[in-house]
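Same chain, two partners: subunit A is paired with subunit B first, then with subunit C.
And then the complex of A and B:
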């Protein structure tokens, strides 16, 4: 049967071909893979630690005022840098490519330079990523006092009330309860002035009062 | 034809390119030291007083990936889109800072070359630019985050200038600009011709543009100089200067010995 014959022959050929191909591909693959692995280890440490999809927002590392939820921030922001440029205190800093898809997005490191709530950045954002809101509506985060680290709460005789003094919403956002500071979450804007002013530094580098970005993870309303 | 008239468009273009570059060079400085916020930003988003511009591709990416429409964003995109719809890809040839650097490189390279026109270099299919645009948008949708917003070469030039002025550092992604300029040294306007998604979008918007370069059949002697002069590797003799790919830089008009090519405002 000629048909069968042809079929067999074809199969044979195919087999031989694929075997040959397999060998060379696997060798090539192995070489490529080892070269890539070598390149990975040759790179410096920060380059290997690229976090492509992990949000850089954490304690004391906050988005500027009026920011949309973190879930949608990297897609809405066009990285035009106008909030960075307009900030008179240089508090807002853009990230670079090591933060993956968050590259170019603005952040405020409140321990270094806090937000003074001048509200210039929300006026210039062309995409609505920073929504045009009022100063008192700002919710960059919520200040949380570590009562174990705060000396006013810890020691009987200490009378530090720096956070109370620097707070732009004194007597509203931070009140004194028997000379000890207490944060009122209805009014705290999360500007980080208290963090910047706090004289106590914990062992882990954080302060006795820290701003937690609790509003960054709220759900998006489409 | 006098020499002065022959370089009219190039001179004009170099002036606008330099002014545009000067604008993004001094704005961060003025913003930082004099709190002069009247002019702000760079070519991703620029504001002059209350007049706001947003780069169309960045705006479209933002709308597509966030699935939200913000009216001021659309208003900001209006002027660039109108400009592209009427004049074509003129942003690329008359404003873009990458074009500015490329022209500088061209002038520098011409010091070492006896040839008046740069050889065209590697030729690929012109249609690649549409694939660059589609691929870029698709990739952004797949990842769920815009990509061109932090890797666009013209935007990166502005960002690096701002970083250098404000924070005295540079961002790593500025390497993209160097790669693009290196590609230009390898082959004439390689990135702009084939890989720039923004150029692709502006070309797409300007597909029925009003300002075109028209060739008169009677005067053309088919010498082929326009083809060699075109920085995009188009052939005006085959009326490719009327196609969507042309960015109206006027190089072919200047180089034409018999003035067979002219800018023309097309009526509908």
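And then the complex of A and C:
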């Protein structure tokens, strides 16, 4: 899929160039340049310089279950798109050309569509980039409650426990401490259902509970 | 690739620290920012659920911007749940989908077109008048709601009964608390609980049966939980429910019985209480008699003991299955009887049964036997589901068999009293009760009802076995008027949709579970041409009077002519209802005038016969001399408790001998599972309101079926798989949640979803209690099977086709 897109774009730009006529550039240079340009324009200014090699994994933007650390992810993933295809909830999305060396790798934006932990993607991954793990072993990240934004923690008189209600490991991963939600890191899979459900949106667009991909940056023991 | 424990802790700590740094960043949420900006705050009551939380609406430039709790309120102490905090998003111009103009179509297949109020009211009056002329007075009906204001229910039923000479006045409270009414009247002689929420802080044993308080009444649950957590060792919580619910979390003892065996369980507890001598002999001698059968035959204690011999804990434990053991029953009975004050709480798990009244009676029996009544913390307390089911419908005369202020239609003296108070000729109100809900929609199916007015509710989704009744509502010869604020499954079948003002866009009183009446005064304007129902009914009645050439119809609304509809009109209706109709009745509200209600941070609990008493907040506990002015007034002897309820002439509490009776439909080899339904915290009823609040819809976008892990394993169902739930009446296809909630052999579905595939009332059974006529939503037989793997589902709401 991403490959196709890129191809079309390439042909389009080639056409534009050939109309101008007199400039001749090598295929390799053109490829590099258009990719870079594409990446640059799509990004906010400060990010432009570093985004090309920077992992797109960040708060609430996570790899599918069982993913190997980010350090080796782009080299291990062959961008076959099987996980994208098999995901019944259309939660997994392939990255496009703007993401530099990470283009084509799968990502879950849990705030939009969370992972329902059906574990289909880990079964189909041909390279072991998504390791074949059990549902409860999934560690896409760790949910962190922003106690200053969370209604139940912040405003003393609000009763909300949406994150607790939607958690697939209710009473294990999220518990209620006198009606206030608490995340237990031993069990949190980082599926992001709580993020998706959270009714509070902060000014910066994040929720009162967010999944931090703390496991993605684990160093690889070679 | 492993992560050492040390490193993990380090990272977690760093993250937590990072979240604290956020303190200095402008991370306030959007709504709080709005809240601090509001120009003015207006007191009112929450629009959802029966808790009666008191709150304030923040208004800025005529627009509703926030809601917050009122800490001085005795119901919620300032706490609100997410529904209560967010429903301002539906007010005024905040939501684009609100109905703004009357919509009409002659045929139910045509598209709607906008018309003026004049045309709309003419059509409404003409259709009702034509039906009456051609088919008689009982060919028209009103189906109301426990969410209408008391004034609305009162004026609707006044015009229907006094004006149109029919008792076809019903309401959706028939589906939720009719059994509780039956229970209170047959056991205590007077409707509605004896005590109040204040018992939460005084009780030392909670017996929660058939109620998921944590989700259905979250704000009240907080009070129960607080009481339990502050007194971990002394306060006991018993939760009896076939399903492990969030409420069970705080329970010391969870009695998980098989659905439909509740009557046996309650009788077994009574057995233990009698056998072990836990009963209060003085209380029984002074205040109680034993009765049985349809003819209310009085029997002795000995006979009751004999009756209970059949319900030994050993025998009942075998019947109840689940996790019930004789020891658990004994322990529950011991805690119940021996505590300083035991409070029972229940809702639909008890009421929505084919023997709902009996189940209610059996709970009251335990309280009467042990004397756990009228004392601080001791109460048999039925929680209500809707904000004004008690105040508007139970007290305001919104059901086919009752007139305002707890007057049964059948009693000539009381009926004539109402006619006299209304100033209409005697004999105007027919002596026979009208159709109850299921019978009413059955009559619609049969074409006996030609014109029906559905106000503020969506029976097309909320009736059990709703496909059957939607057929009738689809009939072209049934003219349907629907008053609502948003498109629903019912407006889809309407001929005429009248846009109404929402909460805080009109003035009126809500009466919550604990006999408390609370006033909400208009704070924002309704969008477009939407009008308060009281105005709609008044104008409609005037036109009806002309069409039918009947001056008595006009007489019904005469006291309200010329009043401005936002405040004066509801006030005049409230004054007539309280000053004239409740005078001398057990729900005396004469002290609770608008002036008094506006002065108090919360409301007034009846009986409140005088303004002075009302200003103190009214009556906390009924029937106790010194605490209830009517108990002193009606006192016949020196005893501290005076059970003056109008239904029991002997002024006694009645202990009923009610045998075990199973549900109407039991699982069999074809349909081997029990199906139960319920409410989820984020949504309310048919989600026509909560579904339009995006935060709530996100939290719970669609209904799902809860399956016990053991059953799921047998059937090969994995979490998220699409599962077909089929009964003899219909089927649903929903995603599965594999979860130790329902007991083995039982599945549970939430009923709020409007999608045809996930609307569980297409599957439920329309059997009903022969006494209260309340349907048995909670139990029917079904079979389940996996149809496919997980599928992406979208939330669904009915929208207007333009």
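Before moving on, here are some points about what is shown:
Assume the second predicted complex is superposed on the first by the 172 of 222 C-alpha atoms of A that agree within 3 Å, B and C clash if a C-alpha of one lies under 4 Å from a C-alpha of the other, contacts with A are read in each partner's own complex, and residues count from 1 in each chain.
To be clear about the criterion, a residue touches a chain if its C-beta (ideal position, glycine included) is under 8 Å from a C-beta of that chain, and two chains touch if they have at least 3 such contacts.
Worth saying up front: this structure is predicted, and the values here are computed from it rather than measured.
Room for both subunit B and subunit C is found when the two structures are superposed via subunit A, with no clash between them. Residue contacts after overlaying the shared chain place A:82 against subunit B, while subunit C stays out of touching range. Measured by the number of subunit A residues touched, the leading partner among subunit B and subunit C is C. Contacts of A:180 after superposition on the shared chain: neither subunit B nor subunit C is touched. In the superposition on chain A, A:218 makes contact with subunit C only, not with subunit B.
Look at A:63: by the touch rule set out above, it reaches neither subunit B nor subunit C.
Legend: residue contacts after superposition of the two complexes on their common chain; A:158 is shown touching subunit C, with no touch to subunit B. In the superposition on chain A, contact of A:103 is made with subunit B only, not with subunit C. In the superposition on chain A, contact of A:144 is made with subunit C only, not with subunit B.
Put simply, the nearest alpha carbons of subunit B and subunit C end up 7 Å apart when the two models share chain A. Residues 88, 90, 120 of subunit A touch subunit B in one complex and subunit C in the other.
Contact residues of subunit A toward subunit C in the complex are 68-69, 88-90, 113, 116-118, 120, 142, 144-149, 151, 155, 157-162, 165-166, 168, 170-171, 176, 178-179, 185, 196-204, 208, 212, 214-215, 218, 220-221. By the touch criterion given at the top, residues 72, 74-82, 84-86, 88, 90, 93-94, 96-98, 101, 103-104, 120, 124, 126-128, 222 of subunit A touch subunit B in their complex.
The residues of subunit C lying in touch with subunit A in their complex are 1-3, 8, 11-12, 15-16, 19-20, 22-23, 25-30, 32, 68-69, 71, 77-82, 85-86, 218-219, 222, 225, 229, 246, 249, 680-682, 695-696, 698-700, 718-720, 739, 789-792.
Within the complex formed with subunit A, the residues of subunit B that make contact are 27-28, 31-32, 35, 37, 40-42, 44-45, 47, 52, 54-55, 58-59, 61-62, 65-68, 70, 72-73, 76, 143-147, 149-150, 155, 158-159, 162-163, 166-167, 171-173.
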